[in-house]
Amino acid sequence: MSDSLQELRELVLRFRDERDWAQFHQPKDLVAGLQIESAELAELFLWKTPTEVDTEMQDSEFRERLADDLADVQTFLLYLAHAADIDLAQALRAKLVKNAEKYPVEKARGSSRKYDRLDGPC
Amino acid sequence: MSDSLQELRELVLRFRDERDWAQFHQPKDLVAGLQIESAELAELFLWKTPTEVDTEMQDSEFRERLADDLADVQTFLLYLAHAADIDLAQALRAKLVKNAEKYPVEKARGSSRKYDRLDGPC
Amino acid sequence: MSDSLQELRELVLRFRDERDWAQFHQPKDLVAGLQIESAELAELFLWKTPTEVDTEMQDSEFRERLADDLADVQTFLLYLAHAADIDLAQALRAKLVKNAEKYPVEKARGSSRKYDRLDGPC
Amino acid sequence: MSDSLQELRELVLRFRDERDWAQFHQPKDLVAGLQIESAELAELFLWKTPTEVDTEMQDSEFRERLADDLADVQTFLLYLAHAADIDLAQALRAKLVKNAEKYPVEKARGSSRKYDRLDGPC
């Protein structure tokens, strides 16, 4: 089956329209929804050590909850991009070009510093 | 250009690997990153009335920042799905099936209630 | 009863220690917990119009959930300040001084602009 | 100096009123602000290992940023509690009583499980 963002967007919009939910989809609420779903993702990992995370990652029940929460974030992202009439794939490609300038390979290699600290002594 | 999640994932992984950043990509940090980027999205809308949001949505500088932040969320989502070896498109389709059961059209139509309150008097 | 942050901190620390939970209270997890509780707060308001929010604010069940979620955020904030050995009240006073410089009354009055845009034409 | 929540609330309200900002303080925006400040806290820890966090915790520049961000979260929490006419200290005490029922010492001791899983095999 297709994994095109355009087709996934049509799926979630159809789901929304069958329920007449467009009326609720103000951008600010969609952003709030995105944050709420991101926090549900985070809750799956709360208090867990790296070893416990590794174990959970092999657990089918955990994996299903994780997949569900990832899907919820993707859904809100598609709704929001639609509300703003922004092409997510194009936005991602454009942002990668900018990030490549902010994080040039020679400076950023192996460093987790934020771009405005790449040269710093820190 | 392609908007396949698989291809977009390859783009961001290549970006990551050129910088040797896989070492930092623990799931918990990727989730934290996703939340941080979601909050940057939210900051674009903070304090703004619906009318002001409408105006911003026509403003090219605002739209560029919005597109950038949406792209950042999508990027972290792709990293996280990759780290968990989860197919985002498949997860989204599976979640839609579950949501259709939680929110049957006849009950959910025109209502913003959460599924566990669909029958309630509110 | 006292509303001193110091005394509230002692209450939550006692609660924690009775359960031997200090071992889980790494700063990164406390921050994640803070974000999760903040998102639960946000969920109370999701999809609601200003009028609906006003109505909810009079509803005793809603108010109880709101009070509970505010308390959870305060609790995590106290845990985190404790873990970092930071005095919240002192930090707040110091930050107000900085904010007064970033947002001088004559420039910030009646404006919701971020400090780095106070002079800008928007 | 006092660390009473009531007095700290008066400080931030005075700061707000001198700038005529009450008009922007809708509950939903205050919640969004709280989430944004929580994410700024999280950004201080992003990508950092436990060892790196320990080192940062000794660093005065890091500590100042941390104190500032904790203060921002506390400020939004005070604004929000004020907007909802909720007494934070009382809410925290009431929530502790509920939590003591959800997490009885004998069951919760040394466990990071969520209350609805305290008996589970997991």
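A, B, C and D label the chains in the order they appear, each numbered from 1.
Definition applied: a residue touches a chain if its C-beta (ideal position, glycine included) is under 8 Å from a C-beta of that chain, and two chains touch if they have at least 3 such contacts.
From a predicted model like this one, the values you see are computed outputs, not experimental measurements.
The rotation relating chain C to chain D, fitted on Cα atoms, comes to 180°, given as a multiple of 5. Here chain A and chain B face each other with the same set of residues for the most part; over half of the interface numbers are shared between them.
Averaged C-alpha coordinates give centres for chain A and chain B that are 4 Å from one another. Work out the mean CA point of chain A and of chain D, and you get 25 Å between them. Each of residues 24, 28, 31-32, 35, 38-39, 42, 45-48, 112 in chain B touches at least two other chains. Of all residues in chain D, only 1-6, 8, 11-12, 15, 18-21, 23-24, 26-28, 31-32, 34-35, 38-39, 41-42, 45, 48, 50, 53, 57, 63, 66-68, 70-75, 77, 80-81, 84, 86-96, 98-100, 103, 105, 108-112 touch chain C in the complex they form.
Contacts from chain B toward chain D in the complex involve residues 24, 29, 32-33, 35-36, 38-40, 42-43, 45-47.
Chain contact summary for the complex, chain B toward chain C: residues 28, 31-32, 35, 46-48, 112.
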